[in-house]
Each structure stands twice: as C-alpha cells, then as structure tokens.
Amino acid sequence: MLKGFTVPRSPLGTAALTPPPPWHYAGDVLAVEFWNEPDVSADILPRGVRLDTLCWGRSVAIFADCQFTANGDEYLDPARYQCREFIVLLDATWQGSRIAWCPYAYADNDAAILRGWIQGYPTKFGVVHQTRTFAAASPASAPLANASRFSGCVSAHGQLLAEARVILRERADHLVGLLDRPIVARRYFPRLCAGMHDIPAVDELVRCSIDKFLISNLWIGEGELTFPEAQGEELDMLGPIKVGRGFRFSFSCSFTDCTILADLSAERMICRPKKGR
Amino acid sequence: MLKGFTVPRSPLGTAALTPPPPWHYAGDVLAVEFWNEPDVSADILPRGVRLDTLCWGRSVAIFADCQFTANGDEYLDPARYQCREFIVLLDATWQGSRIAWCPYAYADNDAAILRGWIQGYPTKFGVVHQTRTFAAASPASAPLANASRFSGCVSAHGQLLAEARVILRERADHLVGLLDRPIVARRYFPRLCAGMHDIPAVDELVRCSIDKFLISNLWIGEGELTFPEAQGEELDMLGPIKVGRGFRFSFSCSFTDCTILADLSAERMICRPKKGR
Amino acid sequence: MLKGFTVPRSPLGTAALTPPPPWHYAGDVLAVEFWNEPDVSADILPRGVRLDTLCWGRSVAIFADCQFTANGDEYLDPARYQCREFIVLLDATWQGSRIAWCPYAYADNDAAILRGWIQGYPTKFGVVHQTRTFAAASPASAPLANASRFSGCVSAHGQLLAEARVILRERADHLVGLLDRPIVARRYFPRLCAGMHDIPAVDELVRCSIDKFLISNLWIGEGELTFPEAQGEELDMLGPIKVGRGFRFSFSCSFTDCTILADLSAERMICRPKKGR
Amino acid sequence: MLKGFTVPRSPLGTAALTPPPPWHYAGDVLAVEFWNEPDVSADILPRGVRLDTLCWGRSVAIFADCQFTANGDEYLDPARYQCREFIVLLDATWQGSRIAWCPYAYADNDAAILRGWIQGYPTKFGVVHQTRTFAAASPASAPLANASRFSGCVSAHGQLLAEARVILRERADHLVGLLDRPIVARRYFPRLCAGMHDIPAVDELVRCSIDKFLISNLWIGEGELTFPEAQGEELDMLGPIKVGRGFRFSFSCSFTDCTILADLSAERMICRPKKGR
C-alpha cells in the first residue's frame, strides 16, 4: 500500500525524495576542459573502465544551474527542485567504446543528491555558484559576447573545492569535446552487516540514456580552473596540469532509462563465499 | 588609514561587506499586485507617509533573482554577490507625491542585507526562490509564453512567509503599476545607550535615485499570492484581500545617489530633552 | 584499488561520504510522545510490520543534536560531522516482537543522510533546532530543573514540519517508553531501468544493533507537539491526536552491525518475472 | 505608532530583527591566543586606539556557540535566536587604558549580525562550528579532561577563514588573558548620498558594559590556529606569527548599556565642510 519511487515511502507517495523518471532538466552550464595526470587519474577508475588513450588525461569540470521536473509540475516548487551541481567527467573507454566517467559530483539539494546516486553519480552536498547572464543589459550582467567573463565555484562544508573562469570568444553551433560521449556511472549501495562492508548490495556500472539533449546559446573561449586542497576530499589530486577551452551554454535533456553494463557486485560475490542474506 | 565604505574597515578596504555606489543590479523578477486592508496597512507607515487614496491599499510583492556589481567586477564572485530578494511595496504618498513604501524586505546574502539597510530597506535574512526560464526548451523550463506558469516563495528561519503563482497571458512593452513610482525608504540605526532605545542615531526618510532602469521580456498575466502566518513576522497582516495581475520580467538598474526627504530623528530630538552622549 | 565504504570511492578512501562502522554518536535529545490515528498510521507500515496493539498509535518525535565519530577522529571536523536530526518512531511489532518503526527522518548533513539510508532510515534534508542548556547559568540558558522549558523545530525547504515544547518536571533514572525497543528500518535502493521502478534493487527490513547506549541527565515532563501541513510531505497525517510526556536527556551510543530480518525485494521477485539485469 | 527597536518597525513590534536590551547570552567557547605582526595590526586600529605595548601583537580568536534571549523568551525560538560566532580581539589601549579591540567578527544569523553592528562589531555572515562535549561519555564526545581535543572553524561564502585546535591540559578557575579587558568597538553606519560616502552618519567608539559575566568548566591547554588566505577578506593579514594557549569554557553574560567614548563622525565633520542634507 506504501507508495513512492524512493524513501520515504508513504501512503500518498508525495513524501518520496524524488518522483520516478522521466526526469527533465533545463539549465545553464559553465564548463572548463582540463588535463589531469594520467598516472593519478587511472587510479580513480573502476575495473573495466580505462583512460582514453586518444586523449590521455582529458577531463571537463561542469558547473550547472538546473531546474528539474518530472511529471508532477515539480518546476513549480523551486525551493525543492532547483539545484546547482558540479561534476567532473574524465574521457575514458569501456570495452573499447568512448565514454565519460564521473569520479566526483556535488549538488546543493537532497533530491538532486539522491537522483545522483540512483543514476550512479557519487554526489555529495556542495554549494555551487556561477556568474549569470540576464536579458536586460547591465554592468552586473555578463553578456553573451566576445570577451565576456564568467566565474564558477563550488565549496563543501566551508572549504573551497574548485574555481573556474571562462572568457567567451566565439559563438558555436556544436558542442565538440564536451558531453558528446555517453556517461558511465556506478550505482553503489553498501551492505551494513559486519564483515560485509566491502561487498556492496548494489554495484553496477550503468549507462544512462539521455534523451532530447538540446544546447542553446553556446559560446566557447578560454578556461581557467583550480582545485584547492581540501580536508576530506580528493578532487585536488585531479588538479589540472593543463587547462583548455571554456564553455558556456544553456541546455535541456530528459532521462528515462539506463542500461546495466556490468554487475560488479555479482562478479565479486563469485570470488568470495556469500555470508548472511 | 582604515578603508572601506562599510564595516569591517580594514587596511586594504577589501574586507568591507559592500563596496560604495555605484551599485549595479541585473535580475529576473516575479511580481504580483495585491490589495491589503487599508485600516491595517495605514499603521505600517511612518509619520508623513500616507496610503495613496487613488489606489487605496494597492501593493506589490516582488521576488527577484539578482546579480550585483560595483566597480570591482563583483559579478565574478557569484558566491558573494548573487542574491535573491523579496520585497513588498505599498502605493503611498509623501507630501502629495505618489511614492512606493517598503515595509518588509528579505534577502539571502549578508552584503544584500547591508545594502538594504543603508538604502533604508528593512531587510532580514530570507530564503527566496522563483521558477526560472532557460534558453533551451524543456518540460523543466517555464517558457515565456501564454499560459506558462511561474512560482515564487520566501521563507525565513524555516517558516514560509509568502507564496506566489503567476500565469503569463501576454507580452507587454511597458510596466504600468509596478516600479513606476519612486521608492521611499527609512534609513534607521538605533542608539544603544540605556534610555535612548527609542531615539535612533539615524532615522531618515530617503528617496533613492534609480538610474538606467531597463525592463526586458515583460509578460503580464494573472497572479496568486498568500502570506501564511509566521511567528516573529507581521507580513501576514498585509495578507491579500484581493489579488490582481502577475508580472514576469528581466531588469537592470543602477544606484548612485539618494535624497534625504526628512530627518525624523532630528524632529524627535527637538521634542525631547537629549540624554547622555 | 578504489577505496571507501560509500561513494565517492577514491584512491585514498578519504572522499567517501562516511567511513564504515563502528559509528559512535553523542548528543542531546528533546522528545515528545504522542498518539496518532491508528487507521492512518497502519498505512505507513511495510508488509509484516504491525501497529502494537498494546499501545495503539503510540509514537515519539525526537529532536537530536549529535556529534559523530568513526575510527578517524571525525568529531574533530565539526563542520562535516556534527548533525541535527529529527525522527519519528511508531510503536509496532515484527513477528510478535515489540519494535519501533521509523516512517520519517530528517537531518541537516549529507553524511548523516547517507548513514540514515544505509541503516534504513528514510532521511531527507531538514533544518533542526532545539533549545540548549549551558553550564553557566543565565536567562539565555534553559536549566535542567523543574519548570524549565525547551523548544524543538524542524523545517525542510522553507516549510515548518514540526514544533515541540517540553516543560521539565522531574529527574528520572530510566527511559521507559522511549528508545526501549529495537528500531526496525528498511534499507531501500531503487532500480532505475525502465519498467523496474517498483522493484527496488535493495529492499530489506533490518534491525540495527545499538551498543553502549548511555543516557545522562534525563528529565521528564509535559510535552506539546504539532505537525503543520506542508507541501511534498506527509508527516502531518500522523498529526498528534493526543500528546503525552516530554523528555530531555543526553545520550551516547555506538553502532556496529545490523541483522537483516527480511529481504522484501527477494519476496517480490519471486512473484514477478525478472526483467533485464 | 510603529514599534520595534530595529527595522523592520511594525504595528506590533514583533517583526523587528532584534528586541532591545537587556540581551542575555549563554554559550560554549573555544579560544586560542596568538600574536600577530604588530606592524600590520597597528594599521587595523581606528584613530585613538593603540596596540598594547605591554603585550605587543597579542590577540585571541574566539569561537562561540551561543543562545540568546531578551525579555521575551527568545531562547524558546532556537531557529531564530541561537547563533554561532567567531570574533578576533586585539590587546590594545584607549587613552592609556587596557582594552580589547575587535577588527573582525562573523555570525551565522541575521539577528546576531545586527546586534553586532549596533554594538560596534563589524559582523559579517559566517558559518562557525566547534567540537562539542556531551554529558554522556562516548568516543564521539570530547570530554573535559587532560589531553582532550577540540576543533573550531569558520568559513564565509564557501571559503575557510580560520581553523583552530585546542588540547586541554588543566582545569582553571580564572580566565586570565582572555575577556579580562573591556571591549571597545565602533558603531558605524555609512551615509549614502553622493559625495558623503566617507563621512559616516554614525561613527562612535563605544565600550559595552558586560554584566554578570560567568565562566564555568574552564580548561586551559595548547592552541593551534591558522588563517587561510581568502578572497574578499583580510583576516589572514593577522595570521599568527606565534600561537599560545588554548581555552575551552562555558559562559554567560548580559548586556544592558554602552558608553560612547568618542564620536569620530563629529570630529571629522569639524574638519570638513558639510555637504547636502
């Protein structure tokens, strides 16, 4: 009788942290491409995922101001369903196919954090900001024009984790080298019973299907990016050794399904006697 | 040797909560006009300010997502200089001239709160949200189009203070009945010495000069508005007895100067023997 | 090579949201017992859990200010590991044994939310406060003494969800009727693949072992409690139809293991053909 | 007819950000003494205040978890009237008398920020945490005992501003070298009219009377303290060149009156022709 896609499951199903897909997003993105030290970043990949040898160490850092809705007009509850997110994507391969791998993600909203986990993003709470552009011209609004500057930043628990700056140079029609490969993520939910802490209850590599991905007002320019050291975080180990282009655009997309690429939990269970359950 | 327009004054002047004017703002606004009970709202006006008899009890509730800058590229520090604000304006008169009076204001940022006080807005901390529109079409983005819906809300210390809904109906070129009268505010800073608590150190009625006020993408439609009762707040006493049009637009403006209309403190000091100091 | 009990798994294992058990908690609690309408609350129980017929509809609302540590001196990182929580527990039975069931939980910290989910608490983000007592006497400190008053409140996304008041009456040595039954919770992690949204990947009833549960400075008195209606929440459906005693105490406990009482997911899978995976 | 000690002034006077004195505080404090570079810190003092030549450059950094009340049972509204504060005090002199001077202050609550300004503290918004001790023993609770460790931290707008660590060594009865001199502060409220930005409307050196100052559970030990560099802040310029003792105690005090030591604004007005107004 209990309803709801997630906890808390309840009589009416309206208390659940997030409704089920389809999940629709619209937002503004500030992004910077960078190169990490491949010897370090190779250590952040799960079994079967490899760095892309054609673009060794290439990554992108993405700041997104998002509005979410499912089928229930959630966008009309902005206190609950707007979110600001920061994610890092590494150029990688899975069984020879080009993919993007997400080692770190932050969002400022509990529903966004949970949607992240369900999709396989390792989302933690972070406070994310980016410079905005507005329809009315002003010194206070960054225009979409050559030489216009935008900043992005993310912090968690009072520590700065990343800062970016983008200087726009030219308008573009197509996003090349950013969000142009499928994202592979890892749905992971630990076991809690003693002795089972390293045998997760869920450990799946998944590829999420992104539908209706639209890009508007795309501008490309120069990027700057730093990852300050922070206690309890390892993002700085991916610290840019080189920074490339910067991007600024609006986007929308929908999400309705995912494909399980591998059940890492099952593989592990085979090698080890199953306890409990 | 200490520098800074506000506290904290410091050797370099960069620690001050806000730089001096010019202050430039760009933002998106959701607004709803409403009528309060004039017998109640008349009690919220300071000496010399009267309800406008031509539009008895008419008011507007304004939700604004703002980006701020002064002369130092503050818009590139979005964690510090973006703010979301909620203000109420009552149609009033001062010495026979039509003005707007601000009894209550909320902002989510310390610099915005302080700029409010310096300009005479009685700003408190509030968490403010409004539905956004984005350049890429999506079920998650409210379009600027007939029948599109937007929500706004403000809360303080975990209590909901106001909720609004606007359904867009038609595009318009001119903002009539909203932000079309000078705003009069009250710069107020209390004395702390015992016996002087009701004789403020600063008590000035001021009219702020708004320069370069631009409106873009103005849409007008139907509004809904409620002010739930909340402990430690009196906004609900202005609770709408009738709700009118709703508005959604982008704006920008600058602020460089203000005119002191009356020094209420000086008037009071004349009537009362000065103590202490 | 990746380390960490939870996501994000990382080379050093320090980025994970929470370290593995043992989990130690110390804190202050304000609690109020109340009775809900059994016809309503029966609908909030999962299969196999029943209302306790010996105390039909009895429940407690608990506000906790907590400090957390595992084996890594986490209590020395208070920005990350202090948390304030609010949970509701219903008197229930599982296979004839007296248990407490948690339908709703809120915490102000991402690590606490995740520990909640892993233990089976349906934790959402909430802002929780309670009146404190301090060692130095003052009108600003609520003493631990007859007639002293304490308040608690929780809000989420700007809406007030619960308010409590306790008036202390007498010191007590033993906590009877509160936290004296094992808590049964439901570890739940959804599947994301289309068509599988109602077949969770993890759906286990678990009983967490609480070790070294200590109570100090226990006072018992009269309670008051309200659950205001809030959009997107169903807590108010448990709205007290009667309110009983109030409690105020300090506690500590440790958590090292849990027992899986039932795998509801497996039961469901038997009745339904397995898709995908 | 409008009531209220501060804005917003309102018909009932309950909307004001803070009630008038008496102001009562109770709280827990973590503090570290340190020495700054006198050549730098001398620049942070207003006219007439000098570094104390008997303890050249000595300062304290104070983290306080506070509960506030005035005459209206404000402590029963913990969401609004609890606050966490961080302040720095420099050993200084005023007309030959030993005083403490506050160059920087942070608080996490709008009412606390405004009370700060009214008292002359240059308070900005900051997120402040400190390790707590609880009545029930636990690895998660820092005991009041030799070798026990406590941490404190403050951040603003996602940047870490100060971190402290105290290791307790011995219980003490009297607080010597901390909060044992009157605090002198600067009430400051700017003018807004063009051309008047450097002639504040209020600029007073004041000495606040602290009544009924109680200290409980005082422990003294070794301190550690760092002030990381942060954009838009100058606290790091006071960066410790030496760190001394650490302190941990509970306190309470009341505040009812202040003495104006000097009206710096009036002095300045004499030297300069008055414009406008």
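General observations
Labels for the chains are A, B, C and D, by order of writing; each one numbers its residues from 1.
Note that in this section a contact is a pair of C-beta atoms (placed from the backbone, for glycine too) under 8 Å apart; a residue touches a chain by one contact, two chains touch by 3 or more.
Only a predicted model underlies this, so the values are computations on that prediction, with no experimental measurement involved.
In terms of C-beta pairs in contact, A-C outnumbers the other of B-C and A-C. With respect to chain C, maximal separation of chain centres occurs for B (centres as means of Cα atoms).
Centre-to-centre, using mean CA coordinates, chain A is 29 Å away from chain C.
Centre-to-centre separation of chain A and chain B, using mean CA positions: 36 Å. Averaged C-alpha coordinates give centres for chain B and chain C that are 40 Å from one another. Annotation for chain B: residues touching 2 or more other chains are 77, 79, 127, 129, 153, 155, 158. Within the complex formed with chain A, the chain D residues making contact are 127, 129, 153-155, 158-160. Those residues of chain B that touch chain A in the shared complex are 24-28, 65-69, 73, 75-79, 82, 127, 129-132, 134-142, 149-153, 155, 165, 212, 214-217, 250-254. Touching chain A in their complex are the following residues of chain C: 1-2, 5-12, 14-15, 17, 20-21, 40, 43-46, 77, 79-80, 103-105, 109-110, 113, 117-119, 122-125, 157-158, 186-190, 192-194, 197, 201-202, 204, 206, 208, 231-235, 237, 256-260, 263, 276-277.
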